[in-house]
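Two complexes, one shared chain (chain A), two partners (chain B, chain C).
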Partner chain A sequence: MAENRKDARQRQRAPLDAPRRADADLRLPAATPQASYPLEMLVPQVLQQTPAVGQRATRIDARLHGLGQTRYIEDLAFPGMLYARIKRAGIASALIRRIDTRAAEVMPGVMAVLTGREIPVNSFGPSFQDQPVLADAQVFHAGDGVAAVAAVTEQIATEALDRIEVEYEPLPAVFDPLEALKEDAHRVHGGDSNVYASRIIKKGDPDAGFAAADHVLEGRFSTQMVEHVAIEPHAGIATWDPAGRVTIWSSLGRITLGRADIARTLKLPINRIRIVGTIVGGNFGGKNEITQEPVLALLSKKTGRPVKGVYTREEEFAATTTRHPFVMEYRTGVKKNGRILARQVRLVLDGGAYCSWSETTLGKAAILAAGPYRIDNLQVEACVVYTNKTMTGAMRGFGAPQVCFACESHMDDIAAALGIDPLEIRLRNAFEEGSISPTGQVLQTVVIKDTLCRAAQRFGWKEVRT
Partner chain B sequence: MTNLTLNVNGEIRSASVPPETTLLDLLRDYFSLTGAKRGCDVGDCGACTVIVDGKPVNACLMLAGQAHGRAVLTIEGLATRERLHPIQTAFEERAALQCGFCGPGVILSAKALLERNPNPTVRDIRDAISGNLCRCTGYTKMIEAIQEAARALRGETRERAVPVPVEGARP
Partner chain C sequence: MKRRGRGIACMWYPIGFTVAANPSAATVKVNEDGTATLLTGTVETGQGSLTVLGQIAAEALGIATEDVHVVSADTDTTPMDTGAIASRTTYVTGNAVRLAAENACAILFEVAAPMLGVRADQLEARDRKIQVKGFPQRHLPIGHVAHHAQVVKGQPPIGSASWNPPTVAMDPETGQGKPFNTYVYATQIAEVDVDDETGEVEVVRIAAAHDCGTAINPMLVEGQIQGGIAMGIGFALQEEILFDAAGRQLNPNLTNYIVPTSLDMPEIEVDIVENYDPTGPFGAKGVGEPTSVPTAAAIANAIYDAVGVRVTALPATAEKVLAAIKEKRARQQNKPQSLPL
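== the complex of A and B ==
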């Protein structure tokens, strides 16, 4: 008896990082103790280095990740759950003449089939609503979904896709952004032009700048399409409750935006839709907008059962957003000493079949295209065009990496042509305290020259060059 | 249907599965061991890595029937009730896991490496985890964590440095 009381006292006095009582009863090791930093570390004084720098930080969820206990959507299952698969068009540009789903519907194990015509509002998108959830009348790129199936197993759903017959009438297609700009190019979404957004930035007098320059150098650069390849594919589970509300577990990064898009496509008030944003296995911008969620919701509504959809790796490449390929033309007028007098930039962004986040990407690329340099006479013309390819959208940096690659490569070319050290030409032109950015922002706390010099010193720039 | 019996994380488990069932499906759907992830289903990404008789394998490429009578170790069997495995501790402390989706696979590849080579070079570690794709970390932290785990497993413990605030340093 006395021994027991002693035990209890010792437990009470146990240090904070010892396993909690409840954890000891579990099969698992103790959860990370909750610890918060002292207040003075969170609110540093002006110009004071915080102690956080150089300190090791651990993620709150790292232990469960390491134990394999984190539940991603693929790891969730509900009683009676069905599996959804989407049939992809496999043709880049065509009219849909007929979709025959009868053979799939009668397959044992197939519970429901869905086509684009059954979707209340079959369009979505963050800035232009130009993307169908499932293509109904026309296919704009090969990864477009044309029909979806919910079945008791993933295998049956996959097999049912082959039984769906779709009759296409092929249309001309355009795959190159520069071809898409031509007068006689196929108009992906009809209208007068494939250009669906443009930006022009003008500063000073570029013509006068070029006239005063000792040398004018030109460069043309292009980048390719890049897929995010998050290791977790896009996934979702939808289920309805008897009161007519839908709950969607989704790997969506922006759940509030997604909720509005889903409400629009399902033609439901937004308060009928609940989204559970689960732990995401990598996003990088690729999970910023809805994909199959309305399809899962409608299949669940048809069958009265939870419906789960997980993209295959092929679908990840063919049917989700990617990074914009850019074609970039640079023209720069310089003095003999390397000082830039004028610069002209032309950017053509390949937007793929749908707008997605292209407007945001276009704006950011145009603003950053001239680089971090003092250029008094500047002209940037940028546009984004439709092509019959996988749509492009948000990805890490929103267009900044592409223009940085082109601009800095161009700077190296200029340095080589003038016989100036690449570091030196950047130091001669870089932003300074109070410099004005291409869009008129007065810059403060500019440390670019200091950073460049210190970096060059640290990795031995001079030693490598000599 | 295929009847099979195997050792999973030290326990004898049996199941009757369709012959085309992969080891990954067996673990995830029949035994509810969801630590092995399905990233590509074609053996490219390594998110489904488990250890079969001491060797790391892509569970999505191995049929469940091939695991009959063998010993399978999944991420769920790595930590004991009392403590984490040193690799798990090192991954947590070194922030080698971000989204965590590839984590179980990388940790098991590292475990298989350290079992056969307690003192691996960076080259050895890179080779060992070359079948595991990670899109968050850039692998640097993982390699550091595996080196630290190797030190811990060899019994060379290291004192953790206590950070000292730097007064008046400019940002």
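== the complex of A and C ==
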């Protein structure tokens, strides 16, 4: 191909006085000469350009994605690999009286069954280790795993789950975060209260601010529980080698901390665990802590074979973390010109059955709750409570979408009450370079007003509406 | 009848963990021909972070994105990383990568200095060359220097570094402290059509202006913004996990739990509000999570603008919006004399 191009170029450059056939100039060429195309790319591909920062560089994995050649866990297989499934409780709050796995164990094709009692340290969690890998004594929400099976096919593993008998003694349950706050509410994890973390942010003198305000407005908002819905479900493959080292291919989004959590549950030195993070088909916060990895590792140890586990879509919803539902109360004192003098915020987070990333969510929500505004007098009180629902954890925004919905709705209500344009009231109150945040931090590279003006300009906010 | 409305929402969002240490480490190895290998413990979760980290390493070494091969996410071979969480990869891991590449580059400068007859601190790496600052005609190809460093001088140009954003713990009583090292800001404005007979909300258009410091790769920033808005629309209008009285999920499937698809997507107009954060790698902050934060608020405000009802509980399903419209009409009929505020 390159040779042809060279020939074509040389042909074109042949001296004019070279002998040629008389009609050669008159005839149309049979095909467009290749030399009419640019022979070389004068501009290098974006990926080859310098400087590299600021380039609209194609993703380095784009070609593999485009060709369907990216290997997710589902695309990986090893000789003799088994398939694991986990039995889910299906009851939200109960004591486990007995787990009988005998009928499952004798099924042809079932290679191993695992219960929570066989897990060296049956608890994990990024803040509090309040979550069992497989529930062994008590079920805290309906998606809790109670036993696991490894079998030669996924179908046999799924069938075997039905043969596992679990005897429960139902316990009272609480599902609403405000109910869970009450004195007489069922204590999900025992203790004095279902509140397992709280945050307070205080700045200035809110009472004085409200007293000086021309108007005081209030609002109450709530948000729902949602799932991350990554296309790739939680997945992993574990293989235990004869030297006592385990390798886990996993869809985890944070392998370093994941490895430490797995080492803790398996009671293994960290250097005996290798985690290979495969390309993840969507995380959004949902793959920020371990799930079935210890189960896969122990099933692999029991059977001496690689064991793969891929959550079903139902498990993705019922047995992995979700976004915290919030109940939010806002109270704001403003001047007639729209300047905010004081704000009070109360947040109650539905923390679900386990802590997971609730502490982080609570902290970020409390810090961000008052919005990107200059408010001298502020009080934020926030707490997160246990309920017998699916656990809530990290999800894109850590509480910020919830408080942003409440705060910005409340801001529009204030604007409407005062007869001020929603853009204008934000510009009047927004942070500036060097503003003090609710936690007393001096803010730098603050471009909130630029984003307001740029979005408004792009949208045509100030254009006359028809 | 379809009524059109518009709503604005702005937000701020921190980069990295709340107070807690969340370090990243990285290793950059410059090969004998001037290409490089980057080792990072972070995980590619679809956002394109490996491309961005490769661009940061390339920038620090003065080479192109393609010249850097990124090896990631293997606890046996890659250095520790707190992971793909808290919108921290570009900022925290990016800083570690930048420092690691600078450390590798320092070895190249040390080797090139006598070759070019200047001090090492008078050199810079640019356009695949090691050149004298202010005298770019005095240069050596980076591959030449890298080869010389490894094969002749016996100093393989390898650099490792780690970085952790500095924070100050929050006071438990008042919450005062410095929980994060930097924040990003954004505004989204939504235009919606609300059918006042069915309550159905359609998002027509969203203008999104996002700050991410320096956009290391504007195309990937735009991708994040569009993806974040898609999630925000689901949160605003459709998605909700429902439970029965016994606490079991009623809709744990994609038939009854509806996520937005391409047909639900509005037209999205993106503005990247560039600025330079001196604490980030080449001025970059981050963009992952914030893209999803203001969408629902902007849509809720647009619904209010369109039909005058305030949705206080998400999601703003057609049923909920219609019920609110009917309630508002009933209120108005009961009090015909009332004047608007």
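Convention: the second predicted complex is superposed on the first by the 407 of 466 C-alpha atoms of A that agree within 3 Å, B and C clash if a C-alpha of one lies under 4 Å from a C-alpha of the other, contacts with A are read in each partner's own complex, and residues count from 1 in each chain.
One rule holds for everything that comes next: contacts are C-beta pairs under 8 Å (C-beta built on N, C-alpha and C of every residue); 3 or more make two chains touch, one makes a residue touch a chain.
These figures come from a predicted structure and were not determined experimentally.
**Student:** Just to be sure I read the superposition right, which of the two partners does A:R259 touch: chain B = first, chain C = second, or both, or neither?
**Tutor:** second
**Student:** Looking at the overlay, does A:R313 come into contact with chain B only (first), chain C only (second), both, or neither?
**Tutor:** both
**Student:** In the superposed arrangement, does A:R59 touch chain B (first), chain C (second), both or neither?
**Tutor:** Touch partners of A:R59: chain B and chain C.
**Student:** For A:G204, is the partner it touches chain B (first), chain C (second), both, or none of the two (neither)?
**Tutor:** neither
**Student:** With both complexes superposed on chain A, which partner does A:G281 reach: first (chain B), second (chain C), both or neither?
**Tutor:** both
**Student:** Just to be sure I read the superposition right, which of the two partners does A:V229 touch: chain B = first, chain C = second, or both, or neither?
**Tutor:** In the superposed model, A:V229 contacts both chain B and chain C.
**Student:** Could you look at A:F459 and tell me whether it touches chain B, chain C, both or neither (first, second, both, neither)?
**Tutor:** second
**Student:** Counting touched residues of chain A, say whether chain B or chain C comes out ahead.
**Tutor:** C
**Student:** Which partner does A:L443 contact after superposing on A: first (chain B), second (chain C), both, neither?
**Tutor:** second
**Student:** For A:G109, is the partner it touches chain B (first), chain C (second), both, or none of the two (neither)?
**Tutor:** Neither partner.
**Student:** Output the chain A positions appearing in both contact lists, the one against chain B and the one against chain C.
**Tutor:** 47-51, 53-59, 61, 229, 279-284, 313
**Student:** Where on chain C is chain A touching in the complex?
**Tutor:** Within the complex, chain C contacts chain A at residues 6-14, 17-19, 41, 43-46, 48, 50-51, 54-56, 58-59, 62-66, 70, 72-76, 80-86, 126-128, 170, 172-180, 182-183, 185-189, 191, 205, 207-211, 213-220, 228, 231-232, 234-236, 239-241, 243, 246-249, 251-254, 257, 259, 269, 271, 273, 275-277, 282, 285, 288-290, 292-298, 300-301, 304, 310-315, 341.
**Student:** Within the complex, which stretch of chain A touches chain C?
**Tutor:** So the residues of chain A in touch with chain C come to 44-61, 90-93, 141-143, 173, 175, 199-203, 219-227, 229, 252-259, 273-285, 287-288, 313-314, 316-318, 322-323, 360, 363-364, 366-368, 371-372, 380, 388-390, 394, 396-398, 400-401, 404-405, 407-409, 412-413, 416-417, 419, 422-423, 426, 430-431, 437-441, 443-448, 450-452, 454-456, 458-459, 461.
**Student:** Could you list, by residue number, the parts of chain A that touch chain B in their complex?
**Tutor:** 27-29, 32, 47-51, 53-59, 61-72, 74-75, 228-233, 279-284, 310, 312-313
**Student:** In their shared complex, at which residues does chain B touch chain A?
**Tutor:** 28, 33-42, 44-45, 47, 74-76, 78-84, 88, 91-95, 97-104, 107, 133-136, 160, 163-171
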